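For reference, chains read A, B, C and D in written order, and residue numbers begin at 1 within each chain.
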Amino acid sequence: MLPGARRDRRPTDTPAGRWCTATRPGGSTSTVASTCAAFLSIGPDGSFGMDASISYLIQILNGVQYGFLLFLVASGLTLVFGIMGVVNLAHGAFYMVGAYLAFWLSTVTGSFALAILIGVPISVLLGLVVERIGFTHLYHRDHLYQVLFTFGLILVIGELRAILWGNDVHGVAVPPLLSGSVALTETQSYPIYRLFISVACLAAAVVLAAVIKTTRLGMMIRASATNREMVQVLGLNVDRLFMVVFGLGIGLAAFAGMIAAPVSSVHPGMGDEILIVSFVVVVIGGVGSIMGAFWGAMLIGLADTFGAVLLPGAGGAVVYALMALVLAWRPNGLFAGR
Amino acid sequence: MREPILETRGLSRRFGGLRAVSAVSLSFEAGVVHAILGPNGAGKTTTINLLSGDLSPSEGTILYKGRDITALPVHARVHLGIGRSYQKTNIFPELTCLENCRLGAQARLPGWLNLVKSASHYGEIGERAERALALCGLEARAGAAAGTLSHGEKRQLEIGMTLATGPDLLLLDEPLAGMGIEESRRVVDLLKRLATDHTLILIEHDMDAVFSIAERITVMVNGAVLETGSVEAVRASPAVQAAYLGEEHAA
Amino acid sequence: MPNRPLVLPILFALLCLGIALFPLVGDTFYVRLVAKIVVLAIFAMSLDLLVGYTGLVTLGHAAFSGTAGYVTAALVNKAGIVDLPALLVAALGAAGAAALVIGWISVRTSGIYLIMITLALGQMVFFFFHDVAFWGGADGVNLAAKPELTMGGVTLLDLADRMVFYYVALACLVLVYALLFMVSKAPFGQVLRGIRINEGRTRALGHDVQRYKLAAFVIAGLLAGLAGFLEVVRSGFISPAHVNWHESATVLIVVILGGMGTLVGPVIGAAALVLLEDWFANLTVHWKLFVGLFVIAVVLVLPSGLIGLAGRIGALRWSQRLRRPGAQSAVSKGAEVAREGAGDA
Amino acid sequence: MAHLNVGLSRRQLLAMAAIGTAGSALPRPVWAAPRRIKIGLMLPYSGTFAALGHNITDGFRLRLAEFGDRLGGAEVEFVRADDESSPPKAKDNAAKLIIKDKVDVLVGTVHSGVAEAMVQVAREEGILTIVPNAGSNRITRELCAPNVFRTSFSNWQANHPCGDVMLKDGHRDVVLISWNYAAGKEMLGGFKESFTAGGGRVVKEFMPDFPKDEFQAYLTEIAALKPDAVYAFFSGGGALKFIKDYAAAGLQGKIPLYGPGFLTDGVLVGAGAAAEGIKTTLHYAHALDNPLNVKFRSAFQEATGRKADVFAVQGYDSASLLAQGLAAVGGDIGAKKGLIEAMRSAEIDSPRGRFRLSRSHNPIQDVYLRQVRNGEEVVIGIAGKAVEDPATGCKA
């Protein structure tokens, strides 16, 4: 991101230099040297070092991983709006529900995988119940009422969660198969589970893209995102389409909450945190656009990660400053109007 | 030839790949009723939208009283004296007829940040609104909520609101749409009355009405001007007969 | 509106009379509660100008009150200023400036975009006060002293005195009501009403709706700033939570609960919400569950708020004039117009 | 939970209020029926700090039970208010207890921001207040007042001794990390004061937002910076998460981890091997080998089924302090002057060891150095003897 912003590193004793020299006497001198040279040339902060470069690489991975999680949540939010015309402030609450289900089910069943397998359908079911009971009354009403309804929903879901699972912060163990780290340097390593998150989210994103591009459901989604009346004209069952889309959105959010649980731990405020950031993602990307959600999520994921370490103390503002910049440039977001 | 009040030069508008209006250059004379005819999809409403400022053109310029207004937004054009009515009734159903007109009359107040004095205490607004209401023949319904009017009355109000803004030029998009014979006659009378001291540009499908009030006619097909001229000239035009009127005659 | 009786202004006058007399009979605790209601009512009224009159649904209103509160706290604590007029000017000025900037970005959009952008911009203000150390950090700051109005060495109003504050707040409530009432009747307010009912037509009648919306934003922001100033003086405390979007959502609920577009509604809504919260909180730790259910119930069965309910029960005709929930939002209307234009092409 | 104070006690409350008003108007009749004292517990009973609120409450009640549920002969009644650890609601909650419920003594709370707001109301209303946890320095500095006491610690106090400890361990360049809120800043501030004064250098300071516990980006940065050691303050779930992530990032054993005792308190079981080796400083340790601590721990366990912790101790000591004061005035809560004087000069026999109060009403106490060894918190020394907060700015 902004390498120049890094101020308090002392160029003279960056550990990286030591690492390169220390390794050189070893067997594969030439490769190590050239690798070092490569990293030196892109040395990010004016200092030279492999460690620094590796750390930037890891930070990029961190940012991308966070971006992927954001994408899963934001894509549901933007789909539900684009197709159903509904603002769902309670979207983040389902992310939180997913995380708590992951905690509870993995304790009960003893298996994280099983927890996901059972938890996603439960969340989707919960989402559909809410859709049938509440949202169906709101489709034709002003956004104002959707906002208030879903705000009420946040309070209700939050308190039900408090009654069921309390307000404590819980940790969810990383499944044994995925625990451990890939060692990169003497002190630096990257946890395997985080790689898994990125891969799982990528898989989900690919499946989502495939569904939208190739299936009949996807055709309906694309059609109704462009022109809601057209779906009715085509004689499609709008009611069912809405249910499927809403369920899909909730499923993605809950799934994101579940796989995030081992790294972000499980706490009451998590739904609210992700909701606001997802809103920023959607606004930056352009409301209703899946592509926008993807690139917005990546942008925010990276900005947040680098903001946290490069500007300690003002990390939270980076995301919003970025949003303000984008909006000043393109008031309707980067991918507005598809 | 009289002074042109409005001119377009090479006016075009694209929607994506579709050319809704292409290279339309027209001149509208002051004090003349000018009708635009054409089949559905010919680009008539788009042209009106370009003239009123609801849409901005992809290319071309619009001159009003010799001044380039291409970049001006809708409200600024209203202040210059261009008023429009809509094809689909576009009123404030919750307000009374008088209030509908007052909102139009208010546009001509000097300044905009009028926060203190109650709107009902501005004499000139009330007068202008009542005049507009009288002109469009709704005096008796002044206190009725606009949403409760009959369809024909709504169309009259639609024109009345526009009149309240004090326009010199009226853009009327199918003022007779969906009206019965009696209602149509009333509105045609209204248009005739207006024609005495306004310039009218109208889109209308009712040929009898058009021929009874219009002095000049432009025929559009596929976004382009096919023919423009006096009623007789257009009627006589072989191109128009072939492309448009001919179909009707055949039917 | 035609034939609309003076029921609402009379209702407001009665409410104010009740509030004015309450300290004579009420327990100290409830007097404090009423002061809280009055401040919340002013806050909600300011939002009513946007939501109820202009039809702009925003989710970032707390940014304006919060800005005023923080500026007040900073001036009192860091600069030692306690002069009431100076603090008011600074607090309202800051809130108005924030509204001008946020409004300028926001009014270019409408409907759901407006909701999302005001939410996001409001959170940006939240993080500004949360992250910048100058403002006191995440836990908030206490007000070191209360403002006072002195003239020639004589203290005319000392807001540290709870009763003085009580009546000053009440006076502000009356003032804000009168101001908004006047504005709503003036040509300016008529245009705002036009924008709410039919934005496109209002524009076509020659009104620069963007400019009107921005002006409405700034007026609402200034009055929200007054509420924020009063709140920080009342509680002697300000924290980022006052700027959080939950605060914005809560004040939106107050407006809807009372009945939007009525000015009295916010007062009733504020009273209902504060008393209800107090009641639920005494009942159970899970009081938010009931507040949430209550909000959902209001949305589903009481869309025109308590005023609308009273109107329905009393068969008062004017209640039907309140804004219909089924009214289409500006966005879908705009989309329709665009489609029509394209369809004809 | 909150229903404790509804029903019967609600009626008693009204009766009490009536007596209270009558009593304040007239000279207090000496022959009155058994004196009663109403104690307002303003603590978090929901939210992140709920467990702490409950332990403080139970510690307090345990001590009270040892006095036969009487303080200086007066009967005790509780009114609880859940402060939700929400600073914006703090003043309203405190006012509610003082004005509506008319409590005689206010005990609270955990969250520093809430405590500061609460103390301000207590100062205005002149009500006797005991802070059983919140470590905000300001409470016994700028905000100190004759009627405000603290039985826990100041944030400065719990961290200042660790600077010397780390310098002695040979660490010069350290990275600091804590949540970006007042308590975090004060904790790190107390540490930095002694550490930099002794020649140590702070390489970098990370302040993630409270209560965010996604630490990966910071740990990556720490791994690249390779400081001699890391000094961290987190608590509860955040602490558990940090310790586990620190180990998962491969830093455990390579870059030693230090912090105030809250980092490891209550999270050892959850953290398992990941906590091994962490050194912390605190005014209490489970393993303290004194008879009172042993007795207290078993009694607490018996009464509640939970293990006692530093919060339970602080609750317990709050009751001790109040008991000593009320004993001196024969249970007459109205005798403010004698009561406050007795409390100020009290010596408290605590499970943490005997302590007395400073002139700003904060404990003068030993701070222990502890280390996690084989999953147990072991006391390996005393980091600071009779540590006293400087009480800068206290004018009372």
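Details
Just so it is clear, a contact is a pair of C-beta atoms (placed from the backbone, for glycine too) under 8 Å apart; a residue touches a chain by one contact, two chains touch by 3 or more.
As the structure is a prediction and not an experimental result, all values here were calculated from the model.
Legend note: the chain whose CA centroid lies nearest the centroid of all displayed protein CA atoms is C.
Seen from the C-alpha centroid of chain A, the farthest chain centroid is that of B.
Chain B has its Cα centroid 52 Å from the Cα centroid of chain A.
We define each chain's centre as the mean of its Cα atoms; on that basis chain A and chain D are separated by 37 Å. Chain A and chain C have CA centres that are 34 Å apart.
Averaged Cα coordinates give chain B a centre that lies 76 Å from the centre of chain D. The multi-chain contact residues of chain C, meaning those touching 2 or more other chains, are 130-131. Counting partner chains per residue, chain D shows two or more touched chains at residues 46, 180, 209. Within chain B, contacts with two or more other chains are made by no residue at all. Here the chains touching each other pair up as A-C, A-D, B-C, C-D.
Listing the residues of chain D that touch chain A in their complex gives 46-48, 50-51, 180, 203-209, 211-214, 216-218, 220-221, 223-224, 226, 236-238, 240-241, 244-245, 248-251, 254-255, 270.
Chain contact summary for the complex, chain B toward chain C: residues 13, 15, 18, 20-21, 40-41, 43-46, 49, 52, 54-55, 73-76, 78-79, 84, 86-88, 90-96, 99, 102-104, 106-109, 112-120, 122, 125, 143, 145, 161-162, 164-165, 223. Considering their complex, residues 27-29, 32, 36, 130-131, 137-140, 142, 235-237, 239, 241-242, 282-285 of chain C touch chain D. Chain A contributes residues 8, 15, 51-52, 54-55, 58-59, 62-63, 66, 162, 166-171, 174, 179, 181, 183, 185-189, 191, 194, 263-265, 267-269, 273, 305, 308-309, 312-313, 315-316 to its touches with chain D in the complex. Contacts from chain C toward chain A in the complex involve residues 51, 57, 59, 105, 108-109, 111-113, 115-117, 119-121, 123-124, 127-128, 130-133, 245-246, 249, 252-253, 256, 286, 288-289, 291-296, 298-300, 303, 325-329, 331-332, 339.
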